[in-house]
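One chain, chain A, appears in both complexes that follow, with chain B as partner in the first and chain C in the second.
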Partner chain A sequence: MELELTERDGPITCARLTGRLDTAGADRIGLQMTAGVVATARPAIVDLSGVSFISSMGIRLLLSCAKGLKGKGQTMAIFGAQPAVQEVFEQSGLEEILDIVPDEPHALARIA
Partner chain B sequence: MATTPDEVGGGARARRPGRRLSADALEELLSITRHLATPFELSALLTEVAMAACKILRAERGSVWLLDVEAAELVLEVSSDATQVRLPLGQGLVGACARERRMINVPDCYADPRFNPLVDRRTGLHTRCSLTLPLFDIAGELVGVMQVLNKSRGVFDAADETLAEALAAQCAVALARARMTAQWMEMTKLRESLELARLVQTSGLPKSLPVLPGYAMHATFRPAAETGGDTYDLALIEGRLLVLLADASGHGIGPALSVMQMQAMLRMAFRMGADLGGVFRAVNDQLADTLPDGHFVTAFIGLLDPTDHRLRFLSGGQAPILCYRAESDAFEAFKATSFPMGAAVLVRERSAVEVVLDRGDWLVLLSDGIYEYENADGEAFGRDRVEETVRAARDEAPDVVAARILEALHAFAGAAPQDDDITMVLLRRMPPPSALS
Partner chain C sequence: MLDTAHRLRLTLPATRASVDAARIAVLEYLAPSRPTPRTIFDVELVLEEVLMNVVLHGGAGSDDADRSMDLVVESTPDAVRMVFADRGIAFDPTTAAAHARPATLSDAVPGGLGIDLVRKRSRSLAYARKDDCNVLTVEIAR
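Take a look at the complex of A and B:
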């Protein structure tokens, strides 16, 4: 599991995740992602196109980042989910509380 | 700690030709070594070390810095005055000592370009001279740096260096012991916490399953080595069957307590005649209020009326919900009716999904410990294998079906370890007697 954090104009945070977002993956990037996404208190987009699998611990990480940012008056949009990951979001009712959009332009529009 | 004079000095690294310890110094060092053998707690030990260094070397201040490998910093752990200071590895005399892994004796600090006056400014001390030496563990890895400042008269000499190295060698042994003790205590605490969590988790499970004419049911609970937060309930309450499968995110005592609290709230609420939608929302919002950020409980909560065979349910993030239909010999799958419970407040009450169980139909609720169980190739067990197994065993009793699922799971996963709880709740409306073979 890899996490790449970049800063874009705005400024906004872009978090790009690659690998399996399971318990081990979430453990690996959890602190770095929370620090990079929530602590900066900027709007954020999260690119999941490189994530092949998500478990409940992965969901917990996304939820806690989204919640943390919301607490700071900012939004976080998730985009690029692969079909298997998108299926998990739909099946478990997460679309209601996470901003999940198909691609980067939609994500940027959502946090604008 | 038993120490012979030959060992004092920590071997070849510390001993130099012509620099033997004097009898007085040796006695002093041995007395300090005995002191170092007592404390098992790291900060108490380091305080002893710093005090001992000051005493034995006639220094004004003594400090111990520990290496934080991940942050690549040296952290001032113990000093008679300064509060915690962090220095990037390589900065100052302490940093230089860590980098070069050798003792640095500086008679005039302000004349040395490596000296960092920042710490002086924070502590208000004027550093004249210093003796800084690395602390190695038994394996020879650097664990920290010890420093003494301002000898009471003059500067630190060769005899001081020998003494300091002998002390550092003793200190390293004591440090290694303190770290091992801390690790052992951490493991013991963790194990106790896990055992307590397991106890909490299993004590909440029903002791026996209700008997409901026309139905057969079974529940399996197999906790993972590091306990997860699964629970289930099957209970007859006011003529209806409560069916619950819940999985709290995370491991340990916290999740176990959340699901147990939830289960208790549900039983009480339904016993008092509360309606499903209202209870679901109340429990969700209560969890949203009490769970730490990012934590949640996925839960299927259903009530079966055995008189008309209507099962009404709500599911917070628990999916898939599988229903095997005998007549069509096919599965009907339902997704969650809302997000995982406690992840947010429910803005509006949800209406329950209603399913009528016909004769021979099955309700199959499995925790993600089954669906997500991976084999050595990282492939998950998945829904198709569950459906296939249940369908093949559909005419068996629920406990047999559960056993078949576990068999299939183990055949699939091989030696791959179970890292999440496995929970199954199976409910079958019995087929008419004529259909039974």
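Take a look at the complex of A and C:
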């Protein structure tokens, strides 16, 4: 699991994840993601287009970040989920409250 | 290790590191039967959720190398059958209450999703408490 953090105009945080967002993956990027997304207290978009697998521990990390940002008065939108990953979100019942949208333009609109 | 019925048998310490080790071993075992990407995803998800549940909630500690988890995997033409056994705290996922779906982000509590996902991804799920062991049998459709 790899995490790339960049800052965009706004400023907003863009987090690009690549690999398997399972327990091992969430353990690997958890601290970096929390520090880079939540601690900065900026709106954030999370690109999952490079994520091939997600488990409940991966969803837990995303949920923790979204809640952390909300506690700071900011929003986080997730986009680019592959169909198999999208199905897990739908089955988790968290698809709507996690602000999961199809692509980057929708994500940027969601946090505007 | 394969038994005489060509089933994969694994005994693993109840630690987080075991989850990935089990995944790799199961994928190697299933590869000759050419599972579909969907079957692989379901198998990986069920493996992770069930084993992590044992690791996190089966004992007094959160990551207890003194406890072990047994796994038997059988590949049939129409299913992958996985039998999980552990001597942890008795827990029947077939009767556990479903995770409450939060209405808002503020209401959402991280965690508790794993068993729901196992139910949704499996064709059948059966639990028994035998000889102080949790024995969970999960079938994934091919």
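The criterion applied here is as follows: the second predicted complex is superposed on the first by the 112 of 112 C-alpha atoms of A that agree within 3 Å, B and C clash if a C-alpha of one lies under 4 Å from a C-alpha of the other, contacts with A are read in each partner's own complex, and residues count from 1 in each chain.
As a convention for this text, a residue touches a chain if its C-beta (ideal position, glycine included) is under 8 Å from a C-beta of that chain, and two chains touch if they have at least 3 such contacts.
From a predicted model like this one, the values you see are computed outputs, not experimental measurements.
When the two structures are aligned on the shared chain, A:T23 is found in touch with chain B and with chain C. Shared-chain residue A:S55: touches chain B and chain C both. Within the superposed three-chain model, A:Q32 lies out of touch with both chain B and chain C [touch as defined at top]. Applying the stated contact rule after C-alpha superposition, one finds that A:L63 touches each of chain B and chain C. Chain A residues in contact with chain B (one complex) as well as with chain C (other complex) are 22-23, 53, 55-57, 59-60, 63-64, 67, 91-94, 97. Those residues of chain B that touch chain A in the complex are listed here as 247, 249-250, 293-296, 298, 315-320, 335-340, 343-344, 368, 372, 378, 380, 419-420. Chain contact summary for the complex, chain A toward chain C: residues 22-24, 27, 53, 55-57, 59-60, 63-64, 66-67, 70, 84, 88, 91-94, 97-98.
On the chain A side of its complex with chain B, the touching residues are 20, 22-23, 53, 55-57, 59-61, 63-65, 67-68, 90-94, 96-97. By the touch criterion given at the top, residues 16, 19-20, 37-38, 41, 44-45, 48-49, 52, 99, 101-106, 108, 110-114, 116-117, 120-121 of chain C touch chain A in their complex.
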